[in-house]
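Notes for the one structure printed next.
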């Protein structure tokens, strides 16, 4: 049954593991040193808030290209945090919601977090949460203002701490609306850009023989591809031809919008 | 009785064959190798999702000129998919609907699809669905945002898979509002542009003698005409003169907005 | 009693002869070969749909200068069609209607048409129906989108056929909002532009002596005047002076916005 | 009691003499040949409709500078018409009305006119009726569209005739929104611009001696002043000094925004 | 209790002395000949309407820099008029009012004025009444249109006369929206700009010794300062140092936005 | 429980110490002479109103860079004022409020202040209160107009005095919308810009050894950093490494958006 009513959004405690698991269908591959370093920095922020008695509120932005793995990484961090209250806020929950209903639902999740000693809230794909369209530009000022206010409000309860993790594809837009600097910390998520990076990923997949991996990695030299896009193309190619050859792989890349 | 109420939109299972049949009044003619190849690629995506156990959500955009046969091709693909749940979402269902009612109706169809193991939803003429007008430009941001959210939401049910096929005349607009890259795959639908293409179509129609076909195909050299327009002009011409001569054919072309 | 309520718009069958008769107060004069040819083309479209078993939906746009006789010609065609269901949709029916009420009223007329085997609906003065103002530009996007959807929707009933005749003074606007090409066929309505054209009309009116007609036709050489404007000026002049002389005729022309 | 309700607008028949009388507090002075000629042309339109059996609807626009006497002249024409139904539509009736309420009130007056055999409706200060502001520009599209529709709608009753007289200070705006050509006839209202014109007016007023009139008329040479402004300045001056001298007259002119 | 309801606005007769007294906390100082002359002109308009039997409606605009004393002067004129009905309309009455509620409250005050034989209504700070912001620009079209209509509507009652006094800091905006010329008379309010002007004011204040006045007046040469600003700075300075020296006076000027 | 209702905003008297305390988590450090001087000027305004019998209303704007300590300083001033009624108005109270509800809540606080003899209201982060976004620009005109009206309205009660302290990061925006000059006094809040400034702060923190302080202060030469940012970076660094070295400190600065 399709229901837009507010009461669909029930208060809840504890971890929402399912929500986050669905965001990481292909796990987290450590495809480059740069990625590993970035993930390490993110984790140290998590540790910091966990141990701190002085910082009630921290916020961290993960920004990167389309398909660079922001959703999966944010879910991985939240899930691995072991914080007692973790939640994910994403636009697919709000199809058909009015601006007011959306703001209420978001604020409700923050209200619940304030009751926990240690919480982590993921704001996935902020452009979608604020209904951003580059043409105009258009975006929901009320939702934007609500996010700005919530990013500045420390939990009212004594000793309560909150970490907000945001993800975004368009850091420039966030800068323009002064949302970028509403986050305490910003992290750029790297894409795959060298043969060695592609090799790590393709070798782990069924249907890719060592010589094919070799040829494909060579053919991709100079390209920048997000981990999500790479995995999709690989799956399309394997469906058509097993083991995969470079020709089919290249055709699938093209149909996914990447000209080699 | 004319009724704008929401309950007109009833949940329904199984194939909606009638809906799709009306979209292909003149069948699908294989008028060029390029068209055949494009249709083949589309079909392989359908096969892929049918057989896959790893991909819960795929989306494919068919874009091409006005009258290039997008509606018919999308219907042909959906109807021929043999998926248990196939639906068509088009603007003529929504005359007089408010934005909210339209979004609810669209979301309802997706909700029903999530209940099926294998579904295909056609979003025909996306510019019309989002009330696009080039002047301004104007378009419905809420409907656009709803489509973007739905294009990213995998079916929540285990093992449920969904293919979304969109059609569009204005890929540039879709690019500008970042809807183009919300589709995993994009396919350009070819028009008729060579005498051989026209010949295939006209020979199959009553009222066109071989010499007339010869003359007309020569006269159309260098033109680009969509299959839908060509069939309309041919029918107009046959009504006026049977067998058709080039003069009447040319006059009808002009009245349909194509100057030869 | 002035009533904006929806129920004022009752479903109705059969011809609305009165509606159309009031649109042709001065009959249809065959003032030039070009006009005769255009009217002939329009009539052949009417014949075509009447006889056809393959075309469920046709649409034809009549566009021309202010006062060129579009309203009268569209009424003449509809009235002379002998189709069982003919209707006129014009802005004077909708004074004070909300956008929604207007769309409902328009959609109701189409719904009724779908029940008939053969119907003709006139959309008179499309700029007024969509509340167009060049400054801005402004227009009603919902009404425009409704017209676009209705112009593409074939009657759902088997063997039901519908002809939509639109009239417009501003084909450029229709082009800009992509409504022009939503019509299958476009016809330009000619104005009077040569002494011979004026002669046909003035000779038929009381109060114009042959020498006066001669002088006026000479004086109008090089002008372009719509049939409606010409008839209004002639009537004003006859009221002031009977028989009319060129001086008074010219003064009236000036007061009607045409400088000679 | 201040009441915005619709029922304040009661249907009414017969002449509204009071309404019109208040618009001509200082009578109509025949200050120049040009003015006399223009008023004569207006009156001949009134005669024409009174005698005609063929013209159900005529519309005439009076446009001129601020304070040129448009309101008084339109009232004078309507009052002197001896038509059985005459009405004035002006913005001061609509303070605080919503757009819809205003359109209903206007449409109601037209509806009542349609019931009479011969009617005259004055639309005074059209810019104010459509809430026009040059900055933007802004104006009420619904009211504008309603006026355009009403200006084209002939009285539905057999033998019923209607004359609409509009007044405007900004013919350019009316042109831009295509309202200017919605009137059949346009008349420019002249201002006072020569010593002889001023003399006619000032001589008729108490407090102006012949030598003072002589001096003032000389001092005003080359100026263009509307009749309303001239009368206001004269009254201000007489209040301050009786008989008036040029010095005081000039000072009052300056405080009324006219630098000599 | 904070109450936005309409009934808070009760009809009332007689003078509202309190309202006006609060607007003149520091009296009216005759600081320059130019100011005296301007105030004299304003008073002669008041006398004129008081004695007149021909002018039912007059309107006068007082415009000048921020802090030039417009509010106090308008209050002084209204209070000193001895008219039986005087009222002040200012934005601080309308915090939180909707546009409609504000228009109703304003119209109510005019309605009450129409019942009196002689009335004076002050529209203080017209930019604030119409919610003007230079950025955009933005302003309330409905309130603006209501003011324009009310400025043109003579009291309907026989022998009833009304004077409207408006104040404005931004005559250019009023010009742009054609509100400036809706006033019959315009008066520019002068600021203090010469040592002699400052001397008049400072000498009258406690805490300023003759030598200090001398020094300050010299230091202010070439400056333009509104009377309100000057009095505020003087009060700030006296609070900090008594008797005041030029150094402290200058520092306070700077903190009030005037760099010397 | 999350509740947007108006009654959540209860009238209240006395000091709201808690509200202000949370705004100064790290106290007020006297990091530079410039800062000390500015704070002194602010305090003298507080003294002035406390002692004055002539000034019923004063307003003071504190503007400075992001993180320069505006919120803490305004809280420190209000809390230290010993005024009987002090209140803080900040956007985090209004998440999900409609414009009307927000204006009512703000007006309520002013209404309560008017009942006290001596009050201080802090309007923290005015850009957020008026929902400002530089893109467009967009902002809430009704809230802006309400603030402008409230900043000009003296307490109606005899002998009641009110001080309004505003804070802003974007004085240019306030200038553009003419809110800047609605404040009587403006104060610029200084940032840390010299080694001596940083030294004062870092020396007071645990985990920073004298040599490290020395090195960091040298490395920061030429930078401008707000006190809030400096304290956050220091805390992040101490969490990672105790005692802190310059390398880690610099890395944390970079993740907080300051490139050294």
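By written order: A, B, C, D, E and F. Residues from 1 in each chain.
Rule of thumb we're sticking to: a contact is a pair of C-beta atoms (placed from the backbone, for glycine too) under 8 Å apart; a residue touches a chain by one contact, two chains touch by 3 or more.
Everything numeric here is computed off the predicted structure, so don't read it as measured data.
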item: Numbering shared by both copies at the subunit D-subunit C contact, with half separating same from different; value: different
item: Rigid-body rotation angle, subunit F and subunit B, from Cα fit (steps of 5°); value: 120
item: CA centroid of subunit A to CA centroid of subunit E, Å; value: 57
item: Gap in Å, rounded to a whole number, between the CA centres of subunit F and subunit C; value: 66
item: Intercentroid distance (Cα basis), subunit C paired with subunit B, Å; value: 33
item: Junction residues of subunit A, two or more chains touched; value: none
item: Contact graph of the chains (line, ring, star, complete, other); value: ring
item: Chain order, ring traversed from subunit D with subunit E following; value: D, E, F, A, B, C
item: Subunit D residues within the subunit E interface of the complex; value: 1-2, 4, 22, 25, 66, 91-92, 94-96, 98, 128, 131, 133-135, 138, 232, 235-236, 239-240, 255-257
item: Subunit D partner contacts - residues on subunit E that touch it in the complex; value: 41, 44, 48, 51-52, 54-55, 100, 103-104, 107-108, 111, 137, 141-142, 144-146, 148-150, 152-154, 176-178, 181, 184-187
